[in-house]
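Structures incoming, each one as structure tokens.
Common to both upcoming complexes is chain A, partnered first by chain B, then by chain C.
Entry: the complex of A and B
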């Protein structure tokens, strides 16, 4: 808990500053939008966090979002598949990609960076191929399905704000992920093998299987994210749909306390990290005309965030040592 | 007497929750071998790390030749002629032996590393410690005992005036240790002072000119050359008498629980290994470093699956292809390399102790938190692990206490067959007794124990039977009646002359 205090404070600070600088920030419409965007980013960030916790990395997240985001409308409108068949197909493809990555990484011992970098190129390429680079979308149809992403859930006694449907997906995913990570033996196994894979294996942990599970969780949540993104936006352009999302997701996970060395991370932290990124984007959009410097700002905040985190950690270490000294010397 | 070469006055150092050193003083004369001993967690390594510039003291002074000095970094220490051989290996696995020896001090030629010269010079230092490997071998491929020798060769290569050795023999067997003692004698004759840390009191008696004993971060006393005795040292270390006695009683072996027939390890595929192990029996495995003892245990435990042969556990044939499968039939292995295979350094004591038992104690996939707390409390108690609480990160425990955490993890599983690879490595006398007593108790309960040890006394003291290995083969089996120093050495060298 203590670990995410700093980032939560930073989030609050950015929110306050934005609220002061721009009246629009606190409007019900803006908050709803922000919540929806945060939920979508949060879902794929949780996925990538599992991979990071096992000491790996997944660069293909954005391309899986693209593949699913283009594939679903393409199957439904261009190929005229039935809705269950199309949904099953994108789910299978997402899970299949995770298995594919995990198996290559564990059985052939190829670096995750390389495997998923190739994935990043392949899946977008495939999406651009079958759509022939044409924008795909639902047109005016499938409104029922689209409410999964566009739906609003009114909250009793609250006026002017309704909860966007993706938030429900996020809450469920976060809850399940937190239970998995903190309460099940598999969660502990992932944390352990992220720290020291060899010792984990000696302790009777099927490390290969756990790594594969992590990549499957990641790709499955990327697929879910891709589906919700396209249901939300109605159309998808294969060239740039989901572009750089893997970087946003990794940044959210790192801001939220995941160490790229593995073995560390909390689900709440990741959610705060995702929220921080979306609020920053929102701030830039509302208060400046230069949305194109967005990356520079997010990059700088990320860097400052991790540096501050490290400094606070060192300071706390020293404080604790000094306190121990005091406690020991006093009674004598 | 003139001012000592190196003197430490009232040095203190605290870590979160622990005061490791509380005003310790030591003095080192020129051309002297000073042994520093004490129980696990007494503060020995911390003191040495401060001298070597790895850590900074909170208060106190360090003097060299009577003048106060400040040692700010490892570089500082080396410049003053102080070199430390760490308790934990600090080699780069991915570099070769020669590059490791000269890491950070590479001689250049035309701006590039002079590889030829490095290899040639390295050969010299390897010969000095009696290690016969090609300087171009990757360090990661060497067994841990050889890595330890590389570490020593590396320390020799800096031409230190003060050479600190923190448990250099903990993974060496008698033969290699002998070579090291000779190196130490030579160093002393050439005027180098050595600070020697060890839990093997026999060695200390043989080597030391003087002994300084630490207890709980304080000076517990000094012993001059003629005062050094096993009992004297133990009394100062633990504050009470502990007999040197091995608590061994002969066991009546029960049913055969492990039958190994013609197993071939990937490391020595040319040799088939066969032996049996009975319930309630303690069998020692002796041999020199590189005899293939660790490789044998790893194959039996499924880490490196066997290339052939059969293995029966309680009459059922198995061929474990992973530790998971081996654990499933009741095997457990306390591995040799604790930092890599034993503990997860960044996790807590509790999480480490419970790690292997999670599967057994699970409730439909969920962890059993209460059981984890019970287990860790039980192991901290019965193994006397010195830790402020069970949420302490293992990295911050002393070496010996980390070893106890590894033992605890495997004992928590209640195995049927327990493989121990150097189980008392780096463990103090008091705790060794505890572990021996524990082995006895387990054997009495019917656990079959196979333990690899490089300490001859331990093999002689604890085994009902001993297997001796040499270059990947089992060269002989000795019943307790026939167990002797000479018999073991003869088989361990397979008739070759012991190089000494």
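Entry: the complex of A and C
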């Protein structure tokens, strides 16, 4: 809980500073943009968080975003598939990639880093192959489908702000993920195997199955994210669509309290982490003329946040140990 | 609680430390703010940003160049954030004009929007500032005729023909070589042999940006037409590939070469005399003119928009006599000469 407190405070601070420096920050238009961007990043971050919680890593997230993001408009506009068929195809491919990763990692015992790194190269390569590096988009068509990402839901009694549709996907995904992780036996298994896979296996948990499930959740949410990203932007360039998204997603998950050693993580924290990344970028655009150094600023803020977090945790641990020692030595 | 305060303190130090000294909020400087958004990060755009800066100083506006490093999604985010900032004008080179109409119209609704480099004619942009690729192609064709006053056989190499600028550039080249009157609506299929004016255009070979294929195209041409007189490379990377093949075949200087754009190898070839000439765009003027137009529009002067909503920034021919001057100027503007 403390971890979320720290990151939430940091988010609040960045928001306050940006609001002071830029009058546009709190406008309905900007909040809508931020909500939509956070929702899109949040969806893929929740996916990658499941993998991180089991002690693994998925580097292929951005490439899955690219594969689905380019694949969907390609199937619909170039191959003239029907909408249900195209949606089913991208869903199947996303889930299939997760099963593929999970099986290789658990059955062949190959490091997740390697398997998903190869995935990172393969899926973007495949997307570049079938699109022949051409930009693909929906043109003026499929406006109905596009409302999934571009739709605005008006909130009663609130003027000047409408909820971007991707936020609904995020809320549903976050709610399901939180229930799954905290309220189901499978979720507890995942946390347990992340902490100590062998111990979990000897306790009778089918760890392989749980790992595969984690990779499937990750790829499925990456696919959902890819679909929403392309519906939002209306167009995708295979060469850079979704580039580096795996790293943003991992950063959001880690900021939100996921330990890369596994076994830890909360869904709310991940959402706050995703929001922090998007607000930082927004702050740099709104208040400075130096957008080319934005990654330097984001990297520095994130690193300081993580270091502060770690130092405080150690300090607290030492104090607890000292107090325990004191209690032992002091005769009652 | 300690954790929170520590993070707050550290973040506060960092954030205040990063705050720029230049006034950035709206209104504080009283200057109008305009932005020049590119389609990516490239040295081409570094030249344009020099023009943006110069025009910003000349016309008294706060002009900023933004290069999206993350493609379409990044460009969209930048434009949205510029609108949030209450920017007075945006000049953008849309990455995928046909599919970005929604975003461009949203921007046009909230500020003065112009396109540069690449147009989006279906959007509500006020004007397009850039090069006419058909005319630039004709300049290229004129170079061919100049290099071979008595005519001869010509092969054309290009990345791909699907995009509008490539189509127009190639057609301009062909029409000028064959001495046809100006008509951008012409289209000759790439496979047909065209004859006229003493010239024989053997065909147009595309490589889909695959350099290996691009090189193989040149090699195959030499094998199939050993007596080819002239080669024209219409995408920036084509001429360097052609030079490489000609060098390996020992035909440098025997086959006339006409280039497009300003790759270092192309310019070096012009200096050595192995390339007759090239046609270059003028990114500096893209930046300069865009900011000039936006500055006038921000002041409410709508007279800067001509009836055809197009300001032509003509391409230029570079030959041996002006290559040194051009290259030195290019290096100065990109900062690589310092």
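Assume the second predicted complex is superposed on the first by the 317 of 332 C-alpha atoms of A that agree within 3 Å, B and C clash if a C-alpha of one lies under 4 Å from a C-alpha of the other, contacts with A are read in each partner's own complex, and residues count from 1 in each chain.
Here is the rule we go by: a contact is a pair of C-beta atoms (placed from the backbone, for glycine too) under 8 Å apart; a residue touches a chain by one contact, two chains touch by 3 or more.
Since the model is a prediction, treat every value here as computed from it, not as a measurement.
**Q** Between chain B and chain C, whom does A:305 touch in the aligned arrangement: first, second, both, or neither?
**A** second
**Q** For the overlaid complexes, name the partner, chain B or chain C, with more touching residues on chain A.
**A** C
**Q** With the two complexes superposed on chain A, say which partner A:240 touches: chain B (first), chain C (second), both, or neither.
**A** second
**Q** Once chain A of both complexes is superposed, is A:189 in touch with chain B (first), chain C (second), both, or neither?
**A** A:189 contacts chain B only, not chain C.
**Q** Looking at A:203 after the superposition, I want to know if it touches chain B, chain C, both of them or none. Which is it: first, second, both, neither?
**A** The answer is first: A:203 touches chain B but not chain C.
**Q** Please give the residue numbers of chain A that touch chain C in the complex, ascending.
**A** Of all residues in chain A, those touching chain C are 2, 5-7, 9-10, 13-14, 17, 21-25, 27, 29-30, 33, 37, 132-135, 137-140, 150, 229, 232-237, 239-241, 243-244, 281-282, 285-292, 297, 300-301, 304-305, 308-309, 311-313, 315-316.
**Q** Which of the residues in chain B come into contact with chain A in the complex?
**A** Residue positions touching the partner: 14-19, 58, 303, 322-324, 326-328, 333, 335, 340-347, 351, 355-356, 358-359, 362, 365-367, 409.
**Q** Residues of chain C touching chain A in their complex?
**A** 2-4, 6-8, 10-12, 14-16, 18-20, 22, 24-26, 64, 66-67, 69-73, 76-78, 80-86, 95-96, 98-103, 162, 208-209
**Q** Inside the complex, what are the residues of chain A that reach chain B?
**A** 183-189, 191-192, 195-196, 198-206, 263, 317, 320-322, 324-325, 328
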